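Next up: some structures, all given as structure tokens.
Shared between the two complexes below is chain A, which pairs with chain B and chain C, respectively.
== the complex of A and B ==
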């Protein structure tokens, strides 16, 4: 197990290296740089100075080496577009906001999704099943943007139950100002509900057709006992495969929600940094998000072995 | 001996997109207490569906047990059981062993726990050192280990903590048998228990089932397509073809005096060791009829070497040869030709 973890760790580092390299050269291949837009009306001397300041005057390979050296010690460099900001400062200031939104959305979405999935599988072929399936297709087809605005109009403007925009700050950053978080969380969680409900339902129906469910039935177990003891654990295996993707999405994918509800999260910075070729920010955020994703994948792999005894880790004791 | 199970006019259909598939079309047989019978037939003849019906495992929909069918267990129709009775009947009174033990065991549960699950479901108390005590999970696990020992699994204590994929094929089937016998059922259905195993293991598994059956006085319904497996175990044999019983009788009669062309063809298809090498293995030409639209005559008529005109028009009734030996074939009709047929067509005990 320890051997496995160590080996995995080096594989993860290597993966990050590849991702960082690819991101760097892809960005370099795109025409224009972060300064082009700002230097049009400046004097030539100023422009040269600016390029020098950010090191953009150096040859490509040298810039690559400097960037990679920086990454190795956690120095991503200063932003070109958002003056005085670094990746660290953006994540420190905006990270918790996006993280809370992401976590709330994912927990609610995955939780409700799984429960609906179980209900749909157990009531297969009844109106309840059809209602859940129809609803989830509907929910997955409506873009966040439209859904968020709809919620704002109904619950914010007309019913006045929740504030239309904004986000708790200060001491409420993690555990307060719930009324602000309701609408953004709802907006985000529906796509999770829809995808997890359908995923678990399909997986459960597949498991229910297995022979060992017949064996369980032939033991005289009740329907619910069969679901709890035999179906659920076996049908969670495909669901697990989707989890890392969802975690990564809940960090990066909230950009639309953040902009509809004027939430000062870092989704905005990520998108803007790419469109303005803000190399240091893009590199930093990509590497950090990739790192989170890789760690989640690693944890999922460990969880697999807990759920499914057939999967054993090489280098372990058995 | 009294009758433990009586199946009367069992008809089972599956509703598919193509239409209604009549898998079992009026099957009647009975099993006496402590007796082993075999149901023999090729794939798709309805033998597994019959087995599942007896365990109450037919899913509706798509399956449907037709009105008029009766499955009497100790005189009570299990088709009318409520949930509680059914739960007691399955596992407590009857048990089933499936063909593919790897698929029939839960891959994410230890073998020990799968036996314990059955015990906890049906037994309230257990005998420990001659005293009856309340069954706890710990005691159930001890009992499960005992069961694994009984079916011949070495290192049962460690084995009970392992998962099915850590067992070999034969061991898995033994574990399956341990689960089935855990609550000492009165009726065991073995649905092709040895088909997925190689020949040496087959014999061991069949011996094990036979031993346990004698020891615990369990009735066994052995379902197989392999006549070689049957001979050693079953006293009586029922031959099924396309959802019907075509011939039944005690093992001796079926093997030495088959009275139905299908039984003869099946027997010819068993490879024989007493003939010289390089003999060609006989096979039955053609395929069984489509049960979406079963033929109105004898279902075997399209493949039968001795088919007559009447065979395609009308299904034959069973002819009785005494001693429970019956066959449904027109060749036994007094007007049928007597020459060039595979068996003596006269009624034997005349």
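== the complex of A and C ==
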């Protein structure tokens, strides 16, 4: 197990190196850089001075070395588009906001989704099942943007139950200002409801067709006992594969929800840094998010063994 | 200390609200609401450094929290009125080369007096080539300014000095009659070098490190989300500032803006075409007030004169003129812009002044008559195009010609514009038009800089109130040549260069008229399409708002709220 962990750690470092290098050169290969939009209408000599100021006049390989050296010590560099901001400062200031939104959305969405999934599986073939399936397809195919604006219009502007925009700040950052969070949370939770309901239903039906369920039935166990002891546990593997990733990605926020509700979250940076070619921010985000991803995948592997003891992690021992 | 100050400020403003039920300027009694707060949308500033202003958002906020020699308001007819602010008076020497400003006694928000040296520091810093400020070119009229920027002389040789604490003197290279108008620009506002040196790099982005000399100060900020301004009690003209608080929020979605506007959580918006109809309806119901303002801007099709374009035809005046005349500008304005802009047949928009005269009142738009006559005369247009082709030795087969337009941004509107160009030229001229819509501006700029286009739809917002702000885009060797097509013409250059020594505004106007004719009509170096009109919708309870043509979009320093409750 320890050997396995160490090996995974080195593989992770190597993976990150590859990811960083690939990101850097892909960004360099795309036309334009962080200053093109800003210098679009500036006189030639001002432009030359600006490139000098930000070091973008240096040759590509030199910039690559500077970037990689910085990455090695965790210094991702300052944003060129938004001076004074670094990846760390963005994650520090904006991360908690996106994280609360993400966690609330996910808890509600996954919770409701799983319950609907169980109901759909148990009532398979009835109108309830069809209703849930239809609802899921509907929820997953309507974009966030539309839902958000609809909720905003009805509950914000017309009924005035909740504020149209905004997000708790200061001491309310984590536990307060709930009225602000209702509409964004509802907007975001639909896609979770849809995907988790379908996921669990499919997986449960799969398990319910297994022979050991037949055995359990013939033993005379009640329907609920079968579901609880045999079906649920076994059908949770695909849910377990998805869930940690959902949790980890909470921090990346949602571009659309944040932009409709004017929430100062992380999602905007995630999208805009790429289109503005803000190299240091893109590099930082990619590396940090890749690192989170790799760690989560590792943790998920371990979690499997808890859920299903038949799965074993095989380390160095042969 | 901070808290004590805040408490004092709150107490003072409370007192003000009581004592100022009737504003000083109004003849008839005006009922002012108890709550004097304004809510606006904005996009957060990349910098709080006045020398480093870049976009409209920085102009908007910095012009309200800082102050230069002048402030620009609008009168009841919507015309710009320049008022002395940082200076109480000024005089220009007889030769027009020396400007002497007598400064007003006023303080920064930390109590330090604003002195002439702060203005001198600002101009010198603006020109520092290492700092590479976008608006450094605005100061090039000053003696040795451009030379210093180019590294040809020292900073001390720049023609600006503090005669004493309250007298500022600026020397110009040439007598430019509109130099004082240029000085309204935020980039010339005074700076506090002691504070910049004290805080170093963080100063430009951290509002807590700033000191202010304008009507408002920044009270709080959530980066890229919200900024709150409160009244600056130390402002010299504080008695004419009625708002206690201005909240600026970043709301990127227009649909959301619309909802906020309808529920009075937002007090004004600048409309894009999508919502004009809806807000116009609210205006008719008396909820909103619509201010339609001519922007000092012209949008035009640029022909690639650098290389003659991919087709090799773009340096031919006849070809370009055929393209220009074929466009139905009225129809385009109705179809694509819901009729809110003004069709352009010249380069210089309305309201631009030469001395005391409005330029457009002196000169007809050069393209107007021909455009009216030939816009649907396909035979004339095709023959003109063919003549041009023959001159370039390209035969006379129109169907063999392919023209490429590049553009950036994938909005419905950009697509509609490109589609309009394509349809018009293909149907009227029989040529093939390729529209290359680049996914983002970085890609677009690269394509453009590498000259992979025949035409590009561009525009320019004037920086100061004189036709020169447009004319200087098209002289040979202009710093803007790269993105304005690189027009180059001897007659144009001669007229342009002559202006350097002409200060008489009538003679200047004559030169401008000839230059516009040369560029737009004679050689069809560009094809003007429309002058932009900004549609601003304001809640009817917002009073006394200024919407100047230059500098900031709104000056809300004298706004008050009446009738919201």
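We take it that the second predicted complex is superposed on the first by the 298 of 318 C-alpha atoms of A that agree within 3 Å, B and C clash if a C-alpha of one lies under 4 Å from a C-alpha of the other, contacts with A are read in each partner's own complex, and residues count from 1 in each chain.
By definition in this document, a contact is a pair of C-beta atoms (placed from the backbone, for glycine too) under 8 Å apart; a residue touches a chain by one contact, two chains touch by 3 or more.
Quick caveat: nothing in here was measured; it's all calculated off a predicted structure.
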| item | value |
| --- | --- |
| Touching partner for A:93 - first (chain B), second (chain C), both, neither | second |
| Chain B versus chain C as contact partner of A:220, first or second or both or neither | first |
| First, second, both or neither for A:211, with chain B first and chain C second | first |
| Broader residue contact with chain A after superposition on the shared chain, chain B or chain C | C |
| Touched partner set for A:153, first chain B, second chain C, both or neither | second |
| Touched partner set for A:230, first chain B, second chain C, both or neither | first |
| First (chain B), second (chain C), both or neither touched by A:141 | neither |
| Touching partner for A:83 - first (chain B), second (chain C), both, neither | second |
| Chain C-contacting residues of chain A that also contact chain B | none |
| Chain C to chain A touching residues, read off their complex | 46-47, 54, 129-134, 136-137, 149-150, 201-202, 204-206, 222-226, 249-253, 255-256, 259-260, 262-263, 265, 440-447, 460, 479-480, 482-483 |
| Complex contacts: residues of chain B adjacent to chain A | 52, 55, 57, 61, 83, 86-92, 94-96, 98, 100, 103-109, 117-118, 121-122, 163, 165, 176, 179 |
| Sites on chain A touched by chain C in the complex | 30-33, 36-38, 40-46, 49-50, 52-53, 81-85, 93, 149, 152-153, 156-157, 160, 164-165, 169, 259-264, 268, 275-277 |
| Touch list for chain A against partner chain B, complex | 125, 210-212, 214-222, 229-230, 233-234, 307-310 |
